[in-house]
Each structure stands twice: as structure tokens, then as C-alpha cells.
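Just passing along the structure, written as C-alpha cells.
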Amino acid sequence: MAFLEIDGLKKRFGAVEILKGIDLDLEKGGFLVLVGPSGCGKSTLLNTIAGLETITEGEIRVDGRTINDLHPSKRDIAMVFQSYALYPNMTVAGNIAFGMEMRGVPADERQKAIDKVAKVLQIGHLLKRKPSQLSGGQRQRVAMGRALVRDPKLFLFDEPLSNLDAKLRVDMRIEIKRLHATTGTTIVYVTHDQIEAMTLATKIAVMRDGEVQQFGTPAEIYNNPVNLFVADFMGSPAMNLIPATIGSNGSGFSVVMEREARQPISLPLANAPAGLSAFQGKPIIFGVRPEALTDPEGAERNASNIARADCHIEVIEPAGSDTFAVTNLGGKAVVARLRADANIQPGTVTPLAFNLTKAVFFDPATERRIV
Amino acid sequence: MSAVATPARQNTGGIRARTVNRIVIYGLLALFALFYLMPLFVMLVTSFKTMDEIQNGNMLALPQAPTFAPWIRAWSEVCSGLTCVGMKGYFWNSIKMVVPAVVISTLLGALNGYVLTKWRFRGATLVFGLMLFACFIPFQSVLLPMATILGSFGRFGVKLQNATGLTFGFGNPTVNLVFVHVVYGIGFTTLFFRNYYEAFPNELVKAAQIDGASFFQIFRRIMLPNSLPIIVVTVIYQFTNIWNDFLFASAYAGSGDVMPMTVALNNVVNTSTGVVEYNVNMAAAMIAALPTLLVYVLAGRYFVRGLMAGAVKG
Amino acid sequence: MLRKLLIGTALASGVAFAAHAEDVKEVQMLHWWTSGGEAAALNVLKQDLAKEGFAWKDVPVAGGGGDAAMTALKAMVAAGNYPTASQMLGYTVLDYAAAGVMGDLTETAIKEGWDKSVPAALQKFSVYDGKWVAAPVNVHSVNWLWINKAVMDKIGGTEPKTFDDFIALLDKAKAAGVIPLALGGQNWQEATMFDSVVLSTGGPEFYKKAFNDLDEESLKSDTMKKSFDNLAKLVTYVDPNFSGRDWNLATAMVIKGDALVQVMGDWAKGEFNAAKKVPGTDFLCYRFPGTDGSVVYNSDMFGMFNVPEDRKAAQIALATATLSKSFQSAFNVVKGSVPARTDVPDTDFDACGKKGMADLKAANEGGTLFGSLAQGYGAPPAVANAYKDVVSKFVHGQIKTSDEAVTQLVSAIEDAK
Amino acid sequence: MSTVAETSITLTPEHDARPGASVRSRLQDALPKLVLAPSFAASVVFVYGFILWTIYLSFTNSKTFPSYAITGPRAYQRLWRWTFESDPPSSWYTSITNMGIFGFLYISICLALGLFLAILLDQKIRGEGMLRPIYLYPMALSFIVTGVAWKWFLDPGLGLEQTLHQWGWTSFHFDWIKNKDFVIYTVVIAGVWQASGFIMAMFLAGLRGIDGEIMKAAQIDGATTFQLYRRIVIPLLRPIFLSALIVLAHLAIKSYDLVVALTSGGPGGSAWLPSNFMYEYTFKRNEMAVGSASAVIMLMTITAIIVPYLYSELREKPR
């Protein structure tokens, strides 16, 4: 039995269904990230777990206990908000201790708990300040401290890093990960940033329009997206999704991509998924991640199925650690990820290597993966 | 954070154009200040003049022989009806009525605003709309039915007294006035607080809920301590309105021992026979207006700040 | 539901709890006499009562010639908190009596002989349905001229006996460069003057028919039209800033000699008194030309409410004191009016007062004592105010001709009946 | 993130009978409504109840006191007839035309002057702290206090005209307060004096709340000061215009004291506003039915103006 279980959860607001039957579970000590674009229902889902919003149907269980109707304070949870939600009229210490105060914890015990948390988060020198006197990163720490001090069964994070600048965000991300590793708590984390999702999660739920599109480990989500939406949403730069058709070349299939003012390129598929046979001569979406499309020298040596094709390079983007090259296939800009020192000039025609073992195919009508 | 950081003068004109510009602005501001100050000035100089000077001189002229006598008379001798104890006798009546009315209506407005924004329920907006529309009812048309209701409070008070020996304020004219001002004040106070709390982050309330704070604990520990700007606006608004009310006060608390300042002032000023002692009248009027003037002058800065913080939003 | 509630409280008064242990030795008095002379006059009554051991709870509400006080009274009655007594005018007393909220002082009235000494015309308002409900305090008469004697001497004027004399006198003043006529341009002042104009133009019978009986033929007669024409003539002698002026400021113009004459009720004499002016030497009081022998009156009354039993003793004491000869004399000497009972000696009164008392007595006996329409003694307030509207609109030019004025008067009064 | 749900935190469930919920927790759920209930009940009884009462009375023959026998719409018929009596003007005709003149001028001048002063005050003015209360203080005073001063000032024999004559400008003429056709404009002057400072404060607050970067951007785009205000600032102040409108409308409707203290109704009643009409008929003329009917018409007019505004402001808007 999992630690957090969500069964058939629905939330309606008048006639609008915001959550359309969510089923999720998370093991104890797990780190679940709810990711998706704005309006997908991920924050609502988090709020229902916290008890800040009611649910219309379904059940939420923590550690085997149904918590549907419990007051938020009775659910043994802690929550960190996007805006940190620090009480502006109280000091840092007051903020951290407010929950304990409400529960009637004696003052000296509160003080001990504050000191302990302050030490862990290195905010001891801030305890007497008001939130308005803190920097963004400091507020973030205090907000975490307020959650930590409760020692809850379940931590809820609602986009906690989105108000921080880029560098601080990376630092705090690592900090959260470390915290998770050292304390072993169970975390549900909402973000719209797929990098946070990939780096932090033990399980990811990709959501859209109140439905979970795919639920799995980060690797599953990244390598085996179940539909176009997940494929497109996860990964940076995003997966190349190229309109193509399936042709046959004697023994097997090939994928054919149109090009502007040039011959179409046709790549032979060695171990094509079985479902592809139904699409012979028909349009499909050919998905290949930028790192699976490289200069031939940089291609993965032990990949079993590498195809080469000459491509017209339109733009070169040196990013330091890598160089990205943009070409045009099937009417779309396609990004290839090259070695940093790859010697390629824009406007030239260069052979590129397609790692077809990592390629995926989608039915353009249903947007589902063809397997 | 002045929004209009000295407009684009730097690139169009030189220092001279800028100076001319400033002179025009200050000139206009001063001119309008004169317009606004004029009645106050007239009242003030008149209150220091002798009757001779008032009758024969120009109303804008400064007093030739300033005298404090009218003020002394207004403060401690002037008559309202047959009672001649000066305005000082009615100060306390007003305070006794205004302070509870302001406190209660502000507190209720805050609670209502809190419920309407942070504990929404189906129909909350309609409820608010109905309460807001109440601000527009002309008070003259509620005078009589309200009197009837207050009369029944009074009879209830008598029954209570017979039963328990105490009226609990039922039938007391001051309590009645407080009641009336609270009833017709909550529309506006609710509006002020609702607009302010509308912009108040919901996440703070959520966080407090998770921390285990109850409905009232959230209000007292989180909402109220962070509402100072709007409290200032509401208190100023309510204080001046209630202090200045004449209609309800004269109808429900006209008797000499409970009458508020405005009724007494009206009795002093509204004389229809004899030589009108304009200097005393003006001094009495200034005395009656002193608390509200003080409130505006002292709290004016917070007033704009408070308006900024939410009262002016739709 | 609401209806029941309101009727219950508005009409079934505070009499309900009649179980009185001890009499309350206090009178609660609503009035609008807040200014110097009037308050001083009323203070006499307060002291008289104090001598008998009754405390005075003052409820003064000034403004609008009693408007604010009447609003407060209505609210008090709606709440069921009746004052012991309230200053009231004419038809208002009858309205409240009809609503059943007034007390009954008949016993005291008979004992004190009010029914014999108070003029019948006044009893029309202080007695309702055979019961005494109000104690008249005074009788004011409206058809007076108040003239500055110094100015009069300077222009060589004499007492005008006819309306034409009056116009001639005003012309003289105009020629001499004084403001001929001091008028406050408020509707009640204009209408009060018009009362006299109508009496002068049409005579006593006409006045009674038009302004007390509201006879339509009289209202739309040529006499009424002529009255409006006469009013228009008078208004040409007024200074340009008259509009909105308080009556006492107009009186002050006469006192100071800026203006020759004011047409005003005898309360104006209170102003002359307060300014230490002596009738005959400093100022002159004549009846409005052509109205000698008739008195257009109004009267301040203390309406007596149906108070609980334990407050009745105080109420009777108040009423008795009000109509006592000594108070009647003392009060009216100050106020400028004449006593409400005709058997008060005139020894303390000045020349004008003596004339006023004699006139009242004669008019009472001769049947030429008429209620002033402008002052609420000719017809109920709705009609009286409609009348004031028309007169005022005529004076200020919204109504342009006397033809139109008569038409308007008839329809306004018809509307308000 | 869901847009609708963001607007609310609903701990209060829509379904009241929740299985297993204890009495205490159900009480807890109902608490917000219980807190709001007294205020709401008060408005229902003391505002809407009284409005119904007024409507009821307007169909009776009530004179000095309420009478409860329905006698039909006679009061409305009279008002209707008076609405068209313009020569000579009936009091009702005067009242409603005055309301139009007064309402329009009062509101538009207050808005214009308030905005103008706020813009001036926002130019980094030294002494702003002193000027602000000067503009604001009239709102603190009732007309019982300032009525006399204004009456003097506007009186040609005492005030401005007299003063200027004494100073040598003898041809100056200003006697509006004595003139039946102009007296309503003096009411406007005094009304503007009282309320425009308050409106100034509202606009000032609005100006201070505008993002400085927008202004900088507009300046870089080459906007002149005038264009800056006309094209950028004033449109951004739109919500404040609406709030100010509400405040002013409410003050305009209640401007009873103003007329009485300043003009005692004006020459021949030429300064009356509907609130004066209502008061006169209800309390002075003892024609309560007519007074009630005029109150009902006032309320209907207010409803017609305010309700669409309230509706547009209060309907759930997506963010």
C-alpha cells in the first residue's frame, strides 16, 4: 500500500470540471512532481490534498487514512507557497512558530524547534526580522523552515521556486533535493518547469486539462512519452516533432521527411514499432530529441540504429557546453545538438546522424504514441 | 514611488522652461488652496472679531482688535435652548456616541470583508451587492420607520428593566444612535474592507489554515494586523460622517442631556430672532468641527496611503 | 407584519405601562425657541415650574421655523416616546389629535376657565373633539407695519390709511434714497406679507372666504388678481438683495434706518425691544393699511401629549403655568405678542402691545379674527405650503402675471386639499 | 492553475450534510455565514424592508402619519403631471431639472478638478504634506458648520461682490445666490468645494499606484507630458473614475443639507433637489404619500444608474 493514494478524484466548480478523475499514488519517502501548463489543475490538486479546497468525488488517503474531510491543520501536512505566504506582521521566528502556537505548544518547546530549524536552514541571524526585510532567497528559506518545523507526514510545495532568479533557483533546487534526501520525507511538488520536475522527482505526473496525461518515473516520462503533449512538454530544448510519412524500403520501413527545395530525406528504420505497419504511406509525427540528432562524430557509438542524412544548416547556436544547429525538415525548424567544438558553418550542407533507437512515432490524428 | 517622475521636460526645454513650469504649477496649487481655505478663513477671522467689526467691516479683513471672548463664550456660556453651558457640555455626548459607532461599524466591515473575500460562498457577491446598494438610500426616508423600531427597542428595554433591573442599553438614545449609525455604516465599511482584502493574498490565509488557525484566529492574527491602511481610511470616513450627522441625532437624541454636538450647534447657529452673534456662532462651529478637522489633518497622509491600498479599487 | 408593527408602535402609545408608583416630577418639552429673547421668555416658564418642584427636560431643535423640531416630533411619536408637551402650530395640533396621541386637559381647562378667556378662534385649534389638547401661549398678529420713526420724520411721512397711501409713502422713501420696504425673500415672509395685502385689498369677508374657507370662487376672483397686482407693486420697493434674507435681518434694516418699513408679524417687536428701541419715539407700529379692525393671527401652542399616568401631574402643572395670567403677561411682553387669554391686564405692555391686545379683543368680539394662511392657521400645512409656493414663485418671477398666479393658486390649493 | 478556483478558498462545503461531520465542524463550516448574517439581516430589514414600506406608503393616502389603506397610484399621477409643468415650474419639475444640472456639473467638475489637482500634486511638490489636508478638509465639515460662511461669501451685500467693490472693482457683479436661474450653480460651487478634495485624494492614490516603468516607457516613446496623461495615465485610472463616480453619486443624491444651509431652498424654491422635495412633502406638508412616491422615484433612478455598475464590477471576472 502506497503512502499517498488518490483515487478517482474529481472536482467540479459549478458546471466546470476542473479535475476529471485523478488516480495517483506515492510511496513513503517519494517525491511526486505535478507538472503541466497553467490551468491544468495541478495547483487545485495540491490544494485538495492540503484540504484547502473540497473535492466533489473520490478519495485521498495518507498512510492508509482517508483525509477527505479533515481540516487542513489535522492532515499532518506542511505547505510551501509560491509567494511564500509569510505573515507580514510577524517576525521570522513568529512565522515559524505560528503553527505550534495554534496547536498550543509551550513557548520553550517552540523556541527549541525554531532554533533547530534555523540551524538546518542557516537562518538563525534572521529570526528577529520581519518578512519585508528579507531577500527572496531568505524568504524562501523561512517558508521552508515554517514547513519543516511541523515535521509533517507530507510536504506540499506549490511552485516554490518560481519567484526566484535563475541562479538562486538552481541553488534552492539542490537544497530541496538535499533536504529530501536527508530527512526522507514524502513530498508533493507542483511546478510548470519541467527541469525541476526531472531533477527532483521520483515520480512525475504530467497534467493537462484536469487529467493526468502520464504518470511515471522521470526516465519513463522522458524516454517513453505516451503522447505528443508529454513529448513536447518534457525536455529542453523540446523534442523535435517532425511531420513525416512512413515508406517501405524492401525489408522494412523508412521515415520520409519533406524538405524545402530539396529531395525528401528517407531514413531506414531497423526496429520499427509494430504499430507502424498500419501507417504505411500515411502521415505520422516523427519525434526525435535534439541529443539524438548530432554530428556523425558525436553520435553515440554503441547505438544500434544510426542513420545519416545531409541537412542544410540554417542557424548555429553555440551554447558553451553544446552547439545547437537548426535545420528544416517537414516544414519545421529542427534542432540538433552537436558537440561544443563541432565545426559547422551556417548555410552549409552537413551530414547529421539520427539516433533512431531513441526515435518515437505519433499518430497525428489521436496524438498518441504508435507502439 | 511618485508615478510621474518629473515629466519629459529635460529634453524639450532648458532650465528656464522648467522654472516657468514649476512656477505655474505652484501658482495653481496656491490658488486652489486659497479657494479651499476661504470659508475656514472667514470663519476663523470672524470668530476673533467683535460684533461691531463684523457689522461694519469687510468679512475678509483681519480682526483689528482680536478677542478671545467669542471662543470663551462658545466654549462655556453659549445656549442651546434653555441650557447655557457652552459647547463643552455636548462634546462628551458626541464622543460617547461616535466612538462605539465607529469601532463597531469598522469591525463589522472588516469581518464582512474577510468573509466576502476569503470565505466565499455561493451568492456572496449578491450579498455584497445588496449591502452596497444600501449606501444609497436617502436617510430622510428611513427616519420614521427606524424611529418605530427604536421605539420598540425602548419598550423592550422597559420590560427588561422590570424583569432584571437593567435595560442593557435598550431605549437609551445614545445606544440608539450607535445602532443606527452602525446599520447604515456597514455598507461603506464593508465596501472598503472587501476591496482591500480582495487584493490581500489568499495564500496567507491558506498558510494559516494549515498552521491550524481558526476562522477568528486568522482574522485577529493575520488579517487585522495587516489592515492598518484601510482601518485608517474607514475610521476617518466613519468618524466624520457620524460626527457630522444632524438628521438622526436631532430626531432620536434631541433632548439636552444626550444631544450630540451637531444638534447643539444647530441650536446655537439657527437663531431666528435677535442680533445674531456671528462671532460666537463661528467659534462654536469651529469647536464642533475641531475633532474632524484634527482627524483629517493628522491622518491625512495615511488617508491617501490607505486609499492607495485598496479603497479606491472598483 | 410590518404594518402591524408600525401601527402598533405609532398609535398604541407608551401608555401601556400605566402601573405608576410615583409621579415623575419632570416635564419634557420639545420646542424651537433657541435664540436669545425667546429662550429667555421660555425660561420664565421653566422657573415657574421649578418653584413647584418640576424639573425641565429641554428638547430644543432649532431650524426652519420649527421644521426640524416637527420632524423630531414625528420621529418621537413614531417611536412612542411622547414628550410631555411640544411647541406646535395650528393644524399640526389637530393632525396629532386626530391620530389619537394627544392628552386631555379638559378638566384643568374648566377649572382654570380657559374656555371663557381664550378667544374662540384659538380654541378651534386647542380643542379637538370637545377635548382640550393644547395650551395656547400667545397670539401673534401678522398685519402690522414696522416703521423707523427717524426715517419717517425725515421724509415727512404720515400713517398710511389706504394701500394707495402706503404706495405714496414708499415712493417718498424711494425719492429720499432709503430702501422703502425691508423684506426677507423667503416664502413664508412673502406669504405673510401677502396675507395682509389680501386682507387690505379684499376686506375681512373676502379674506375669510378665500384663505380660511378656501372658497374657489374667491380664490380665482378679480379681487385676488388685484391682490397679486398689489403685491407686485410692493415688491418693486424692495432692495435687490432681498432674496433668502432672514426676517430678523430685514427688521435690523428698519432698526438701523437703512429701510423705512417692514411688513411683519408682531414678533418683529421683540427685535426692536432687544435693540432697546421705544415705540412711538424710535419706531412706529401701524396696522397694515386698510386692515384696521381686523387681526390676522397665529399662535404658538404647547400641544399636550397623551403621556403615562405618572407624568400627567407634571403636564397639568405645565399647562396651568402656561396659561396663568402672570406668565402670559411676562412672556408676551418679551416676545412681542399678546396674551392668549383676553383677561390679562395690559399694564406691563408698551403702546404697541396695548394696541395689539385691544385689537385682539375687538376682533374676537367683532368676528374679524382670522387665521393666517401663511402661518398655518388658515388651512392645513399642505395647502398653506402650496400657497407659499405660489406667492414666492410670483415674487421671484417664475410666475409672471397675476392671471397666471390666480390660476396657479387655485390649482395648487385644489391639489393639496 | 485553474482560474476559477483561484478566486476562492472554499473550506465551506457546498454540500451541507456531510456524512460523519460532527456538529462542531459543521458549525465551523457555517461560521463565516453566521458572521456575515447580522450585517446582512440588518440591510435586509433596515434598508430593503424600509424601501418596501416606502413603496407601500406611496400607494396609500398617507398624510401626516402613515395610513395603511391602499388607495391607488394618485401620488404618482401627481408627480407625473408635475414632471411636465415647466411654466411656471412645479416644485417637482424644478427638483428634477436641478438634479440633472447639479448632478452633471457636480460630478464632472469634481472629477475634473480632483484629477487636475492630483496631477499637480504628483509633480514632486514641496509642501505636499501641507497642501493635501487643505484640499481635503472640507469633507470633514458639515454644512451646519460651513453653511454660514458660504452664505456670506456668496451674498452680494456681504461677500465677494462687496469685497471687490471695496477694493475698487465696482462693476463686478455676482448675485447668483439671489437669482432663481443661477442659484443652483452656487450649490454646485459649494458642493464642489466640499467633495473635490476627497476625489483628489482618490486620484492621487491612483497615480501613486501606477507602475513607474510604464511612464518611463511612454517618455522614451517620445510622449509629451500632455500625451502621457491623456493616453497612458488617465486610461489607467479608469477604476478610480468609477469609484469616484459612486462616491459622488451617493453624495449628490444626499445633498439635502447643502441646499438648505446655503439657500434655504432658493428664491421661490428654485434650488430644490429631489431630496428637499421629499423632505418637504413628507415632513412639512404632511403629504407622506407624495413624499414616499418621490423617494421611490429617486431610488429607482439610483437603481438604474448604480445596478449596472455594480453588476459589471462584481460579476465573477476571470483573471
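Just so it is clear, A, B, C and D label the chains in written order, and each chain counts residues from 1 on its own.
As a working rule, a residue touches a chain if its C-beta (ideal position, glycine included) is under 8 Å from a C-beta of that chain, and two chains touch if they have at least 3 such contacts.
Computed from a predicted structure; not experimentally measured.
Trainee: By the contact definition above, name the pair with the higher C-beta contact count: A-B or B-C.
Mentor: B-C
Trainee: Specify the chain most distant from chain A by Cα centroid.
Mentor: Comparing chain centres, C lies farthest from chain A.
Trainee: Taking each chain's centre as the mean of its CA atoms, how far is chain A from chain C in angstrom?
Mentor: 90
Trainee: With chain centres defined as C-alpha means, what is the inter-centre distance between chain A and chain D in Å?
Mentor: Spacing between the chain centres: roughly 54 Å.
Trainee: Taking the mean of the C-alpha atoms as each chain's centre, how many Å separate chain A from chain B?
Mentor: Taking the average C-alpha coordinate of chain A and of chain B, the gap between them is 56 Å.
Trainee: Rounded to the nearest whole Å, what is the centre-to-centre distance of chain B and chain C, using the mean of the C-alpha atoms as each centre?
Mentor: Chain B and chain C have C-alpha centres separated by 38 Å.
Trainee: Show the residues in chain C shared as contacts by 2 or more other chains, in ascending order.
Mentor: Answer for chain C, listing residues that touch two or more other chains: 6, 10, 64, 71, 74.
Trainee: Identify all positions of chain A at which a residue touches two or more other chains, and write them in rising order.
Mentor: 47, 51-52, 71-72
Trainee: At least two partner chains per residue is the criterion; list those residues in chain D.
Mentor: 6, 9-11, 14, 28, 49, 53, 66, 279, 283
Trainee: Would you mind writing out the residues of chain C in touch with chain D in their complex?
Mentor: Interface residues on the chain C side: 2-3, 6-7, 10-11, 64, 67, 70-71, 74, 77, 92, 95-96, 99, 185-187, 240-244, 380-382, 385-386, 389, 392-400, 404, 408, 415-416.
Trainee: Please give the residue numbers of chain D that touch chain B in the complex, ascending.
Mentor: Touch list, chain D to chain B: 6-12, 14, 28, 31-33, 35-36, 38-40, 42-44, 46-51, 53-54, 66, 113, 117, 119-125, 129, 131-142, 144-146, 148-150, 152-153, 158-159, 162-163, 166, 193, 197, 201-202, 204-212, 215-216, 219, 223-225, 228, 233, 239-240, 242-244, 249-250, 253-254, 256-257, 275, 278-279, 282-283, 291-292, 295, 298-299, 302-303, 306-307, 310-311, 313-316.
Trainee: Which residues, counting only chain C, touch chain B once they are in their complex?
Mentor: Residue list for chain C touching chain B: 5-6, 9-10, 14, 16-17, 28, 30-31, 33-39, 42-43, 46, 56-65, 68, 71-72, 74-76, 78-81, 246-248, 252, 267, 270-271, 274-275.
Trainee: For a test of understanding, state which residues of chain B touch chain C in their complex under the given definition.
Mentor: Listed in rising order, the residues are 79-83, 143-145, 147-148, 150-152, 154-155, 158, 250-252, 254-257, 263, 266-276.
Trainee: Inside the complex, what are the residues of chain D that reach chain C?
Mentor: Interface residues on the chain D side: 49, 52-53, 56, 63-66, 68, 78, 88-89, 91, 151, 155-157, 175, 177-180, 260, 263-270, 279-280, 283-287.
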